[in-house]
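Take a look at the structures listed below.
In what comes next, chain A is part of two complexes: it sits with chain B in the first one and with chain C in the second one.
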Partner chain A sequence: MKKEDTVKLISAEGFEFVVDKEAAMVSQTIHNMLTSPGSFSERQHGEVTFPEISTTILEKICQYFYWHLQFASGKETEFPIEPELTLELMMAANYLHT
Partner chain B sequence: MSYLGESREMSNHMDLVTLCVETACESRQSVDKWRRQRRSLERLPSPLADALLRRLLSRRLLYPSLLEVFKYCAEEINVRGENSVDAEWMAYLGAFRHLRYLNVGGCHRITSSALWAITGMTSLQELNLSRCSKINDAAIKHILSLTNLEKLHVAETGVTAEGVKLLASLRALSVLDLGGLPVNDVALNSLQVLKKLQSLDLWGSQISNEGSAILNMFPKLSHLNLAMTSVTRLPNLLTLECLNMSNCTIESVLKDGKAPLAKLVLSGTAFLNEADALLHLNTSFLSLLDVSNSCLHNFFFLSKMKVIEHLNLSSCMIGDDSIEIVALIGVNLKSLNLNGTRVSSAGVGILAGHVSSLEILSLSETPIDDAAISYIGTMPSLKAVDLSHTVIKGFMHQEETQLDAPLSLTALQDLKQLERLNLEHTLISDGALCPLSSFQQLRHISLKSTSLADISLDFLSTIPKLTSLSICDAILTNYGLETFKPPATLKSIDLSGCWLLTRDAILSFCRIHPQIEVRHELSTEVPDDRNRPNRPTSSRLTSRSVQGTKKKEITAVSPSFIDQRVKYTRDELLALQSMSLVPASDDERDPGSV
Partner chain C sequence: MDMYIRVKRIKTTYFIRCKPSDKILDIKQYLEELIDQPVNNQRLILPGTGEVLDDSKTLADQKVENDAVVALTLRKDDNEFEEVNIVKPSDFYPSRDSDSANW
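== the complex of A and B ==
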């Protein structure tokens, strides 16, 4: 996997998730950060930090990115969500436009 | 916080917010898993909180003490028509810090004293108490403490003219719905200090011509409903866009022709001077006209309506002789209702070629025959056609009904957008349905005839996008139902009155096709859509549910064009019409687009 094809997402606690750019782009917010012209540091370094998103939630978000790609390509499976995560996940998803 | 209502939602198949809301509202147990996460709940953006609340309500998981957890985040509460809502609910809602919109319309247990809990809520901008029968003048003093109120609905409550007078102190009001209240001229007079008023609903009130003269005093008034009043004259209202004077007697209205009218509803209205009454209106913006059930004889006034899109002439005295006027203004027409008129096939022929934008055409209870169908086939934009209660047979030549006669429904094959077809109570027989099988976009079909048999199901089973099928009173047999292969898209089938079917046959059909909702006298299942977790509800926003909402809109529109006289009583209809005149009233509020 080439470095330019991936992006590093960093949680509030500093955990790093390396995911395919294609997957991360499921989020409109990340998509904008990585593609908008200008010198977003995110675009240059391929790193995005989310000081408000905890590791547990960010991990779930990354799983969702991949699930979403599968779903969009026609593989209709359920995306499991633990009820106790719904509020925080909902807020993160809302922020990420995903 | 730029959530709901963005076009982005349309493109996402299963967005994560929707999945989270669904999961959170799965069951009582799942609610218990998050309801104590106070810090998260306090941070929850209000559109998310509102979406969560809507889903909880539709899943029947909302109860007063659960409301408490939303008190810092929710801005909108709509519990319209919920019978359980009472003073206890109001007590919790009174503690909401940012509540902007509260709709408890039709909640019969809400009393005047229950409103004490929400006194002084300066965040509240819109309050709907319509049809709360226990609300009376005693509630007004609580309402007056809501000093920032912009929209107030108290239609069909126990509020009297005395109570209405007091509302004058709510100076921020822009929408005031007083429908069905005994408002008199004196009370209206005291409201004239409400200079921001844009929409005023006074149907069924005791306003007279004298009172209507006061309407001049509202400089921004754009929506006015005076249906079922004794008002016969209306002053020149320079800003009026929507007017409902159904079931009134009109002497003269808006004579100076300045009001930029867009919608005019005059259903069941009588005219003292017919030739003159509508001739002086400013019609440059008029897009909707409803003169159904009125006693108009002369339709010359229509010729001025160059931009009209929705025209309802049902149960009017119009016939083929006047239809040419409709053809002349037909270029922008989107819907045309000619139900119960004397328009025959020849009249439909006159329209053909002049109504290229027409999407909805209703010809129920008219003397049309099969010749009309070939003309209808030339109206390229049609989406919904109602031919019920007519003598059409499905064969081109009325005298010969042999199988080799040309089938008239073939003419509709050219309508590439036809989604809805109503053929109830016609003389259509099995063989005549054959052309339907190749209709690519047809989604809803209604048939009701004692002469249809099993073979008709064969033709219907190959319609690729059929979602709802109604085939009532037909002679369907158990064998026919058993061998019927419904299109994969079919969601509901109405078999009411198919008396040959047995309970076993219907149950076995239900078992084999669990995704299809079956209606029949012997099917005991009462499907409750609201409780089905996977069914998109009107309140949510996956692209699937967006389509669903669109479909619902069509359903919501079409019955009023197709079956309105059958489905509703006159009073209900008038109430519906008055609703359509209020801008962004709760009834039109689409929770998904907040």
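== the complex of A and C ==
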């Protein structure tokens, strides 16, 4: 795993999640940020800040990215979501096109 | 992809893809790429039990499973390792009680 192949996602509270680009690109929004032409600062520094997504939700989303990759490779497990996170998670997923 | 673990230190979480047969040393080598700290300066600890993970053993040997959280500590200037330090989002917002104590 090379540093260039990872991206740092930063939550509203400034917590950082370092994930594989392949995993983060499960999100269409992040995919667009990282691949669109031009010199987006996101692309240059490999960092994306989400001032509107709380740390708990962002971590859950990162777990979802990896679960998605595992599922795609044939590992059929359930993705657990705590009921109290559901609304906020859906709003974030909508924003991220995930 | 077999599994991943979440390696945490202070406010940062590294999602590391790995296999149950990976040795702890392998994980430290993945981390070295990301944090520019040689493997000798890294120590991985299970936050639940405080158990220090052994370089020569595999993740499966030490019951580190998919989605597990592992604490990373680094060697300090005085050659000792720092204490486990993982900040939780809830620590970040002081509770109402501690707020009112400051008034």
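In this section, the second predicted complex is superposed on the first by the 98 of 98 C-alpha atoms of A that agree within 3 Å, B and C clash if a C-alpha of one lies under 4 Å from a C-alpha of the other, contacts with A are read in each partner's own complex, and residues count from 1 in each chain.
Simple rule for what comes next: a contact is a pair of C-beta atoms (placed from the backbone, for glycine too) under 8 Å apart; a residue touches a chain by one contact, two chains touch by 3 or more.
Remember, predicted model here, so these are calculated numbers, not experimental data.
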Between chain B and chain C, whom does A:E59 touch in the aligned arrangement: first, second, both, or neither?
second
Taking the superposition on A as described, I'd like to know which of chain B and chain C A:M90 touches: first, second, both or neither.
first
Is A:I81 touching anything from chain B or chain C once the two structures are fitted on A? First, second, both or neither.
first
List the residues on chain A that touch chain B in their complex, please.
28, 61, 64, 68, 71-72, 79, 81-84, 86-91, 93-94, 97-98
Residue set of chain C touching chain A in the complex reads 1, 3-4, 6, 11-17, 30, 33-34, 66-67, 87, 89, 92
Once bound in the complex, which stretches of chain A touch chain C?
1-3, 6, 11, 13-20, 23, 54-56, 59, 62-63, 66, 69-70, 73
In their complex, what parts of chain B are in touch with chain A?
1-3, 8, 12-17, 19-21, 23-24, 26, 29-31, 33-34, 37, 40-41, 43-45, 47-48, 52
